[in-house]
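I'd like to ask some things about the structure below.
The first chain written gets the first letter, and so on, giving A, B, C and D; residue counts start at 1 in each chain.
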Amino acid sequence: MTTKLKVAIAGLGRMGARHANHFYSYTPRAEVVAVTSPVQQELDWAKTNLGNPRTYLSFDELLEKEKDLQAIVIASATSVHAEQAIKAINKGLHVLCEKPLSTNIEQSQKVVDAYRESLKTRPNQKVICGFSRRFDASYRDAFEKLQSGLIGRPSVFRSQTCDKLDPSGFFVEYAQFSGGIFVDCSIHDIDLALWFFGEDSVVKSVTAVGITAVSPELRKYNDRDNALGIVEFYDGKIAQLYCSRMMAAGQEDSTEITGTAGKLAVNTQPAANLVNIYEPTGIRREIPPHYYGRFRDAFITEANEFTACCLDNTPPPMKLEGAVAAVRIGCALQESLITGKKIEFDERGNRITRANL
Amino acid sequence: MTTKLKVAIAGLGRMGARHANHFYSYTPRAEVVAVTSPVQQELDWAKTNLGNPRTYLSFDELLEKEKDLQAIVIASATSVHAEQAIKAINKGLHVLCEKPLSTNIEQSQKVVDAYRESLKTRPNQKVICGFSRRFDASYRDAFEKLQSGLIGRPSVFRSQTCDKLDPSGFFVEYAQFSGGIFVDCSIHDIDLALWFFGEDSVVKSVTAVGITAVSPELRKYNDRDNALGIVEFYDGKIAQLYCSRMMAAGQEDSTEITGTAGKLAVNTQPAANLVNIYEPTGIRREIPPHYYGRFRDAFITEANEFTACCLDNTPPPMKLEGAVAAVRIGCALQESLITGKKIEFDERGNRITRANL
Amino acid sequence: MTTKLKVAIAGLGRMGARHANHFYSYTPRAEVVAVTSPVQQELDWAKTNLGNPRTYLSFDELLEKEKDLQAIVIASATSVHAEQAIKAINKGLHVLCEKPLSTNIEQSQKVVDAYRESLKTRPNQKVICGFSRRFDASYRDAFEKLQSGLIGRPSVFRSQTCDKLDPSGFFVEYAQFSGGIFVDCSIHDIDLALWFFGEDSVVKSVTAVGITAVSPELRKYNDRDNALGIVEFYDGKIAQLYCSRMMAAGQEDSTEITGTAGKLAVNTQPAANLVNIYEPTGIRREIPPHYYGRFRDAFITEANEFTACCLDNTPPPMKLEGAVAAVRIGCALQESLITGKKIEFDERGNRITRANL
Amino acid sequence: MTTKLKVAIAGLGRMGARHANHFYSYTPRAEVVAVTSPVQQELDWAKTNLGNPRTYLSFDELLEKEKDLQAIVIASATSVHAEQAIKAINKGLHVLCEKPLSTNIEQSQKVVDAYRESLKTRPNQKVICGFSRRFDASYRDAFEKLQSGLIGRPSVFRSQTCDKLDPSGFFVEYAQFSGGIFVDCSIHDIDLALWFFGEDSVVKSVTAVGITAVSPELRKYNDRDNALGIVEFYDGKIAQLYCSRMMAAGQEDSTEITGTAGKLAVNTQPAANLVNIYEPTGIRREIPPHYYGRFRDAFITEANEFTACCLDNTPPPMKLEGAVAAVRIGCALQESLITGKKIEFDERGNRITRANL
């Protein structure tokens, strides 16, 4: 029997439970040995559904007691991502951290700094921030086609992360912790822009506007339910972003990358499956209601590839630094959204302030 | 001012009125000088809407009195198509006859015979049977691509003519005169098969089955509301046909032609226009409710090209003989539909009968 | 015979010749009686192809001599649109002016002022600026669905006018006169935004960025080959625009309008016709190479509806004032594109300037 | 740790290796304990890639020695399916047998008979024949919508299984053992027809025609590379089938089921993923090259559901009898394809022979 990676899961909320299940049921080279959550009921669920792993109410206790642990998935509340990640890094564990590292740039940077420090003595340690779209088969196909030169030099990027309308008020409560719609939703699109344009792309300016079309209560948390942004890069590349909490039909996450010789479009014709329904009102297809319906396979690929790079000591599928770069752009867009001002940066990434911008 | 073709319209029912309007409003080189219909009210409509043409209750009187007439469009009841066409041919007029020439093969053949005879003394006379799809931009594009060799040797053909469900009972009444669903609907698909496979393709066998899923009353007229047919040709080509009166969403006329190196599909993703509607039930598009919504532009092209070939003495866009070939196949399919028997033909087109087929 | 509108065509270049043909061949209620162009060869073409109208090398001479003229189509060089329109208005003619009225806001406004003045004594005079998309069947269907409440309150608008790459350098030369990519291309999208959001929408701010990905020479004319813009309106509505001269596949003009209860998308899956091609590289469809391929039918509808409103003295299909509003926004975007600054307006439409914007 | 189902895999060829991998890597409740293949090299592969299971060159030896075995997957050569299935059934094992049970109706029936006999003493034994499409998410969605009444009474069925052209000659060699194109390919479509129309549907007649457009050598094995079939059922339902070995773009398996109130279409717009490529020749998407690319997820679901029904003693997802019914229809179509004769059945399923059919 081949050796399996001993993995713990921190956080068993909606997304944590999914990650746990992906590692337990769909990652043959991994073994879920322990879980932690501050909620006893979630631990009970894990006992029953994850093959009876050891359970801990305390993250720290898990780290302390699980001597053989090799890797940990951090899917707890966003507010503790960075702190938990740093502790796990310092313990020498491989870490897969849910996005974002933090809604705060400095906190995000601290995770990267801790990892860099740790790598000096543990060169084989792997730490990644899980941007699920990087594992999606369609985005990968688009990226490979781009890399092959199919569309020439990529120049204009358009991407949107648009959630289905949730009339329950969930998004309003969530806005207190999410970092704002650009940090919560568009972070994925920003990461894609950096991927497709090149990780070393330097932002020149960001501008954003937004409205509260269905949830005016969002304004008390400095958030909006629909927002548009433009990101300008120094190397003659531009990106437009749209994020929304108001889609009627379901999750609408689409991306287009236009190059000097062609264009690649991902999910501009969304569909839940291959069924079309012909009825008196026309021809209809359904689309996934939520991002998990769209990206479930990508999450499973993520679990398997993270496991493989830990076991085989191969390069991780993405660099941790990119996660900070994405948060940096997301925070700037969110600020522009609220202040109404364009924000500019010099070529080393420093913010330009001038009296008469 | 350039000379215009002097045209008369025979029949001003639903389709006749449309033809009249196409010639009056959208065929700059034609002039509607006279119309005939046994319905006074239709003649009154023509007076008002077609620039005050001369009107006749009698077809024969029109032929007699309109000395300067050059061409006539026959869009009267199917049962008089052949008779009127022959009279017009004998008068030396150019004729555009609505499909079918007749629901009866012998009658259809008589029109062709009359035209052949007439051509001996009037070599410039044009007579065509209007298969509208031959004038449709998409079918023409497909045909040109096929001709260019894009799909290799065309080998398998699939086509359907499927009408929107009409709960009024219209199709039951209509079945008395239509010649049956294969002659009325599939005639278009058969004509396309002959066009794409080559006009000289020889039928080897036909088989058909059918049901009455929504209109059992059709059985009293030996008709069905849904039918499937297979047509086998002698040169290694096969075709499958579907005709229906039961579509929920609208008119669904689609065609696929598979060759040894590729396939061309026409209207397999029907759409009324370029609009998509995103709503809580998914993404929806509407489709044309009736064949006229799908083929209006083709009818207008037909009017213009017929006019041009008459005025310029250029070859007509299709041969009249093809209209008989299509009726012949349609009638055989209709017979097979009712008898349940496969019908076979020898290579000269004669029917094979054997005791132990 | 019904009376026809006596129309003259001014300008017989690429678009002028098309307009002339639409009025001559596809507008049954209009009659092309005269044409003018400074190019003799174009007048010769008109003699032959437009039923031998009277021809003039001088616009002024046409106005003077054509005593019975009722209407004029101005499709000359953009630089003389405004001047010719004003002269025709003052002569009492109905005017259909190609877009834009002018690339200059003041000039555009002068046309509107002239029309307002003229209306005092000629209340039946019709003057419109031809935004072809307002006549497009798909945009109209979307607008009707929006009006019916299908998508709730329209809130977010996205639209793009993207031309096929033209390696001949045409767009560089053209940039000297076009007013820039936002005035030339996005003017259509801006007009659509005003139509869908309501003509009385007041702009709050505009921002734009752009690049020269394939034609760096454009910079000498202060233009770009790809540009992104955001337009913010005072009533909680936002719009994002994309214009490009670099599409590989053809003309890609698409629009999405998102409301609080749904979304309408126009041409987000472009197609030249209903043909799909199955070949070893996959499934392919072609798209129209140029805007005329996409909007030909809309131009013909425009000709017919303009003719009808003149003859029947019905309200014109759109207000002339809208054309100035669109130019105003287009010019502001173009300025922002070049200066890199966000431009803001107060609720009465006046520009806000502040030291510390 | 929950108990896992002890599974053996018989046959490790292309499809066997895939099944083995699905059970090993993607079926958390199953454990691959043993494998058998007459090819030593395949057993070696299994050692390395399936967690070191016990290996056997002889199927009989495996059955004899694996005392704790609970279930077996039979994915060996079609010619031994039935024999191996019967042996495993008699041993009391749960069996998942690749389709078809046999290309021979009598052999197929013997498997069913053995199972029925075995059930008398082992009521919890599960034996299914794996029709993968029954596990496909899109087909299941369509089936649920049909069951919910969305399309009224299902009446007309169209389905095709069309393989990508394989110029290597593979299909010719394969034709010796495949049972013919209707038994090899259309068996899936026939199973779908029985599923959608109801398992108890009784065939009234079948007719088929075919050609050899690219592989005339197939004729020596009484096979064709393209064939069309019609199946008529006694309860007013009809089906048309198309099978081919000649698709240019990839695997094209699509299905439409038309009811009295609507239609459901599955995969009529095939796509490998969500990417669209815009390039000078138009807009293109790729499609899966082979059935495994289309149905991989369905095979994994099959493995999991088979495992679950064995462990939990729940009803199997489909009845074994259906597999015989499908073979029966497939063989009749293949016979009609070769003889050119329509084959008819009475309402109890007996073949009707008459002198003057």
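In the analysis below, contacts are C-beta pairs under 8 Å (C-beta built on N, C-alpha and C of every residue); 3 or more make two chains touch, one makes a residue touch a chain.
From a predicted model like this one, the values you see are computed outputs, not experimental measurements.
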* **Selected interface, B-C versus A-C, where C-beta contact pairs are more numerous** => A-C
* Asked: Where centres are the averaged C-alpha coordinates, which chain has the largest centre distance to chain D?
  -> C
* Structure fact -> Whole-angstrom distance, CA centroid of chain B to CA centroid of chain C, is 39
* Contacts with two or more other chains, residues of chain C listed in rising order -> 151, 247-249, 261-263, 268-270, 272, 277-280
* Complex contact set, residues of chain A against chain D -> 1-2, 24-26, 28, 51-52, 137-138, 141-142, 145, 150-151, 261-270, 272-280
* Structure fact -> The residues of chain C that touch chain A in their complex are 151, 153, 155-156, 158, 205, 207-214, 226-230, 232, 236-240, 242, 244, 246-249, 258, 260-263, 268-269, 340-342, 355-357
* Asked: Which residues of chain B touch chain A in the complex?
  -> 247-250, 252, 270-272, 277-287
